[in-house]
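Below: a set of structures, written as structure tokens.
In the two complexes that follow, chain A is the common piece, with chain B as its partner first and chain C second.
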Partner chain A sequence: MSAWLAERRDLAAQSNALLPVPTLSDEHWRFTSLRGIDFDAFRAVEAPAPGEIAGAILAAGDHAGRVVVRDGGAVVDELSEAAAAQGVAFGSLRRLAEERPELVEPLLGTIVGYDEKFAAENGALWTDGVLLHVPAGVKVAEPFHVAYEIATEGAAQQWRALIVVEEGAEATLVEEHLSGLPGYANGVAEVQVGVAGHLTYVVVQDRCDAALHFAAHRAEIAKDGLLDWAACSTGARTGKTRMETRLTGEGATGRLSGVYVVDDKRHLDLDTTQEHDAPNAVSDLAFKGVLLDEARSVWRGVIRVAEGAQGTDSYQENRNLLLSSKARADSIPGLEIDTNDVRCTHGATAGPVDPMLRFYLMSRGVPAAEAERVIVEGFLEEALERIPDERIRVALTEHVMRRIPS
Partner chain B sequence: MGSIETPDVDLGEYKWGFRDEENPVIKTAKGLDEEIIRQISAHKGEPQWMLDFRLESYEIFKSKPMPEWGADLSGIDFDDIFYYLKPAEANARSWDDVPETIKNTFERLGIPEAERKFLAGVGAQYESEVIYHSLKTELEDQGVLFLDTDQALLEHEDLFREYWATVIPPADNKFAALNSAVWSGGSFIYVPPGVRIEQPLQAYFRINAQNMGQFERTLIIVDEGAYVHYVEGCTAPTYSSDSLHSAVVEILVKKGGRCRYTTIQNWSSNVYNLVTKRAVAEEDATMEWVDGNLGSKITMKYPAVILKGERAHGEILSIAFAGEGQHQDAGGKITHVAPNTTSVITSKSISKDGGRSSYRGLLRVNKDAEHSKSKVVCDALIIDPESRTDTYPYINISADQVDIGHEATVSKLGEEQIYYLMSRGLSEAEASALIVAGFIEPITKELPLEYAVELNRLIQLQMEGSVG
Partner chain C sequence: MADLVIRNLHANIADTDTEILKGIDLEMSRGEIHAIMGPNGSGKSTLSHVLMGHPGYEVTAGEVLFMGEDLLELEADERSRAGLFLSFQYPFAVPGVTVANFIRMAVNAHRKGGPEGEDDPIRIPEFRKQLQEAMELLEIDKSMSSRSLNEGFSGGEKKRFEILQMAMLKPSIAILDETDSGLDIDALRIVSGGINQLVGPDMGALIITHYQRILDHVKPDRIHVLMDGRIVRSGGPELAHELESSGYAGIAEEVSA
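Right, the complex of A and B next:
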């Protein structure tokens, strides 16, 4: 291992040793209990043999590159010749940290630091993941694909991603967390969109019923850059996913779309930020959730507008559809505004299926159960339709609708 | 009064920052210990159970840590506060008996003579004791009780004890515990079944002595099918060191009853205003809080309604104005316990000259509260780049078939609106004041006329010189 990487791991390890596991009395963990989880019971496992990618949404179709990380390491590590010819670096982060340190060293650990327990643990222990580096002016039409899977029961998967789209470059990355086997996943994704760069970033979390899923994604968008970020969560027992967006340059845009369908006794916790540090930037967040059975969702979102970020335009909404009397949704939207020339709006709702809508559909001959599906699909579509790539949009819609009982 | 003329007032000095000479009969030493609590209780001639209640509350107060969320309370020194002060003047029954110095104070608060006649009854708290009450005979004939809380304990002990601390127990929070230990004064209102008091009941509160903590305790019981509108307004003179105001207001609205509680708080800019207000609404009852926060250094106040009975309705209208050096951390809490309950929270805040206003709300829908509906709307206006606003609306839902909505917006004064008004001959300051008055209009229109006028006047004064 390179000296710089060892040093960084050491720094993270020191921080990790000092930070306690969060409890319900920590503001950000008020609704997500980690009691009874024995984190030491999970163990790091080297990459098992490659196999079929089960349940991947992008398993079929063209792609510009693919990495599959199974347990602790990459078992698939491919980059298309066309993308390679354009100067794109894509592949296993463990491999590229050694081969292309000039792309990794300056950024790794600078966007997501080590001041939070799970991020610190990941900084010390990550084993593999992905690097995507798209050089200035390069535009790649086909999506890049990374999939993470726990293939050994009880494995701890510490994955890490570094995604850089330089000035004027364009790319799409689809990140999937496959169903796999029960285990503990903890990841960090650091994203940088350069001046007038454009990244479409789709994250699908479909871990199995008994899995724990923790992740910290954080993106920085430079002047006139555009991040189109869609997150879809249908899996895992419990955990927490952070999705943070910082607009660092004037005129930057963050479009953040979320869809979640939570069933059984699952507990989903999403933490989002829209941090406006530059003038005239736009952020637009729309998260829509459907809750079934005894599921529970927690969404906490904050818009922060720094002093000097004049002309900010920021929107934030979280809408929840409760399909069961035992399901529960907590929404905690927040605004922290430090300047005056802003337009910030947020909205949060939770409620059952509108009986009038159902009644209307049934009066048209649609059976009750089907009517509910139609309403749910229409509800989720408002967020899903924001995904620009049609193939991904269609695949995701099918994926989430499979969770709704018919 | 309602015109947009802006009087020439020096904002460097608190407008109502006058004070009278202090002349207290009883004043406990600074700081708090068991002995002081015994002194307070003995002086008031309270029954033993109340002394025990105070002492228990004091233990709870000591055991609870300071809240770590919300506003910065590190400037409070509990040892540097007088916890009890009884003014020289005895309780007066009619306006004529009220001592001249105290009359002057009310005079300067700008309560016109004509308006006093309009008042159904007046309980004014001057320092820690209620100085006078005038209750219209007709109210007394209807069996309405409107008196200061100390008196109520002595004269109506059974009724008092039945409801006392049932809505806000001492262990609710650190400041409720403090109030429970050292409370003094406040209003006690009982409205018998079916009695509807059409005119608002009003009380004015003032802090006069330096470092004088004000710990009034209000208890309102609205019996079945009854109605009352209680209005409480505060203004306080400016002093150099910090004062603490920590009141507790408990309200019980029984089946089919309705209560509206209106406060316009304008403490001087050195007061910590930490108040616990909560109401329980039973079946078909309605509870409305109208809460205005203009003054104080720091306010933390979240009026609450527990919708305990079916079809109960709760409403909170909140307005906050944070100027230089002020932090208004205000909001509201609604808990839906019973099915088919409804609630609305409307919050408007204005931040100016580096002030910070925060909306902090909690909307909770418990498991059995099916078919409940709630709507929360928060709008914030930021006048200049130095100011700050935050919105923290917590929403916890654990019931089926509920409909919950929350919307919030933050914006600045519209340049086009100002430009339009200026093109009609208004100065920039006048235009701003007018826009702000329009912004808070949903709240002012709910106030009694004289309060609406006073609120608009205060906002005008605050807005002066803010733009250009």
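Right, the complex of A and C next:
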């Protein structure tokens, strides 16, 4: 291992050793209990079985590159010749940290630091993941695809991603999290969108109901850059995802869309930020969730507007449909504004399907069950329709609707 | 027997003792236009909702026969498929569902019939053609069909889209609840024109209205005056003009006298 990487792991390990496992008294963990989870029971699996993934939702079709990280390591690591010829670097982060340190060393650990327990643990222990580096001015039409899969019972998967779209570059990255077996996933994604760069980033979390999923995704968007970020969660027993966006340059735009369907006794916790550090930037967050059975969701979102970020336009909404009287959704929006001349708005709701709306559909001849399904689909469609790629949008719509009982 | 027979219909607001309909009797058939007029709070909208099966009311006495069937035994969707239609006073926005998809779903539900019915979805070109014709009749811009139904629509647009749905579903009896409210003169002319074209041997209309304005465009065969949950007067078209001059107060005096 390179000295710089060993040093960085050491730094993270030191932080990890000092940080306690969060409890309900920690502000960001008020609604998500980790009691009863024996993290030591999971183990790293260094030699994963090769072979293709099963159960991916967006793996079909042509890709500019594909990586499958199974348990602790990449088992598929491909980059199309066309994308390689454009100067794109894409593939296993473990491999590329050695082969292309000039792309990894300057950024790794600088966007998501080691000051939080799970991020620190990941910084010390990550085994593989993905690097996407799109050089300035390069536009790649076909999406890149990465799947993180737990394929060994009890595996701990510490994945890490570094995603860089340089000045004027354009790319789409699709990231899927899967597991058919109980396991523990803890990951970090660091994202940088350069000046007038454009990244479409689609993250799907569909791990099985015995898996634990923790992730910290953090993006920085430079001047006039655009990040179109869609997150879809339908899996894991307990999931806690940080999805943070920092607008560092004037005129940057973050479009943050979320869709989740949570059933059974699953628990999903989403923690978002929209950090405006530059003037005239736009961030627009819309998260929509459907809760079934005894499921529980928590969304906690903060808009932070720094001093000097005049002309900020920021919006956040979280709307939840409760399809069971035992389901629960908590929304905690927050505004921290240190400047004048900003427009920040938010909204949050949780409730059952409006019986009057159902009656309206039924009055047109549509049976009650179908009416309810149509209302749910229409509700989620409002977030899904923000996904620019039609193939992805259609596949995700079908995927989430399969989780709604008919 | 008439297509729609209402006998001694009583209804409360669900789970309360508040009685809104206090014994309604009315008969009408396809090919006829009836109007129910009455002041605010007389129970006009309640009657339309109760007939359609609104969950916010419960029928406490009386019966309703529709095309010979016991209407009150049917769920709202079954009533629709049996040929009853309600144009809502306050239509609901249906987020994420386009006008075209919404109406196609309704048309297909009607083609399928009951829960055990065979799926027989309308072919899309045929549906598009029918929808386009109906939209032309109501002077609705083609581009509107890809918008979410009623979302961000003006009051007048919503009413037009109610009549558009009526035109596509071709009910036997259509209840038009305050369809004229929120319409400007031009929109009223267009919507009334649509209603006139659709009413005929296969369709009757029950127009619920506060004002006689719409009745200048859609000529009723019978007018019923509803006050405090009861029909207190029925008569021919001339009754609208009497109301126009003496107001509901005049009728009230006459009834109590």
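Going forward, the second predicted complex is superposed on the first by the 403 of 406 C-alpha atoms of A that agree within 3 Å, B and C clash if a C-alpha of one lies under 4 Å from a C-alpha of the other, contacts with A are read in each partner's own complex, and residues count from 1 in each chain.
By definition in this document, a residue touches a chain if its C-beta (ideal position, glycine included) is under 8 Å from a C-beta of that chain, and two chains touch if they have at least 3 such contacts.
Computed from a predicted structure; not experimentally measured.
A.B. asks: Put the two structures on top of each other at chain A: do chain B and chain C fit, or clash?
C.D. replies: Chain B and chain C fit side by side in the superposed model.
A.B. asks: I'd like to know which partner A:D338 touches here: chain B for first, chain C for second, both or neither.
C.D. replies: first
A.B. asks: Answer with first, second, both or neither: which of chain B and chain C does A:L162 touch in the superposed model?
C.D. replies: neither
A.B. asks: Of chain B and chain C, which one contacts the greater number of residues in chain A?
C.D. replies: Result: the larger residue contact count on chain A belongs to B.
A.B. asks: Does the superposition put A:M362 against chain B (first), chain C (second), both, or neither?
C.D. replies: Only chain C; A:M362 stays clear of chain B.
A.B. asks: From the CA centre of chain A, what is the angle out to the CA centres of chain B and chain C, nearest 10°?
C.D. replies: Between the chain B and chain C centres, as viewed from chain A, the angle is 70 degrees.
A.B. asks: After the superposition on A, what does A:L226 contact: first (chain B), second (chain C), both or neither?
C.D. replies: So A:L226 meets neither chain B nor chain C here.
A.B. asks: Which holds for A:E370: it touches chain B only (first), chain C only (second), both, or neither?
C.D. replies: Once the two structures are laid over each other on A, A:E370 reaches chain C alone.
A.B. asks: For the superposed model, what is the least distance in angstrom between any CA atom of chain B and any CA atom of chain C?
C.D. replies: 12
A.B. asks: Common interface residues of chain A with chain B and chain C?
C.D. replies: Touching chain B in the first complex and chain C in the second, no residue of chain A appears in both lists.
A.B. asks: What residues of chain A sit close enough to touch chain B in their complex?
C.D. replies: Touching chain B from chain A are residues 27, 307-308, 310, 320, 322, 324-352.
A.B. asks: What does chain B use to touch chain A in their complex?
C.D. replies: So the residues of chain B touching chain A come out as 69, 370, 380, 382-412.
A.B. asks: Which of the residues in chain C come into contact with chain A in the complex?
C.D. replies: By the definition above, chain C touches chain A via 52-56, 75-77, 79-81, 85-86, 88, 91-92, 94-97, 102, 105-106, 109-110, 115, 148, 165, 169.
A.B. asks: Given the complex with chain C, which residues does chain A contribute to the contact?
C.D. replies: Within the complex, chain A touches chain C at residues 354-357, 359-368, 370-371, 374-375, 377-382, 385.
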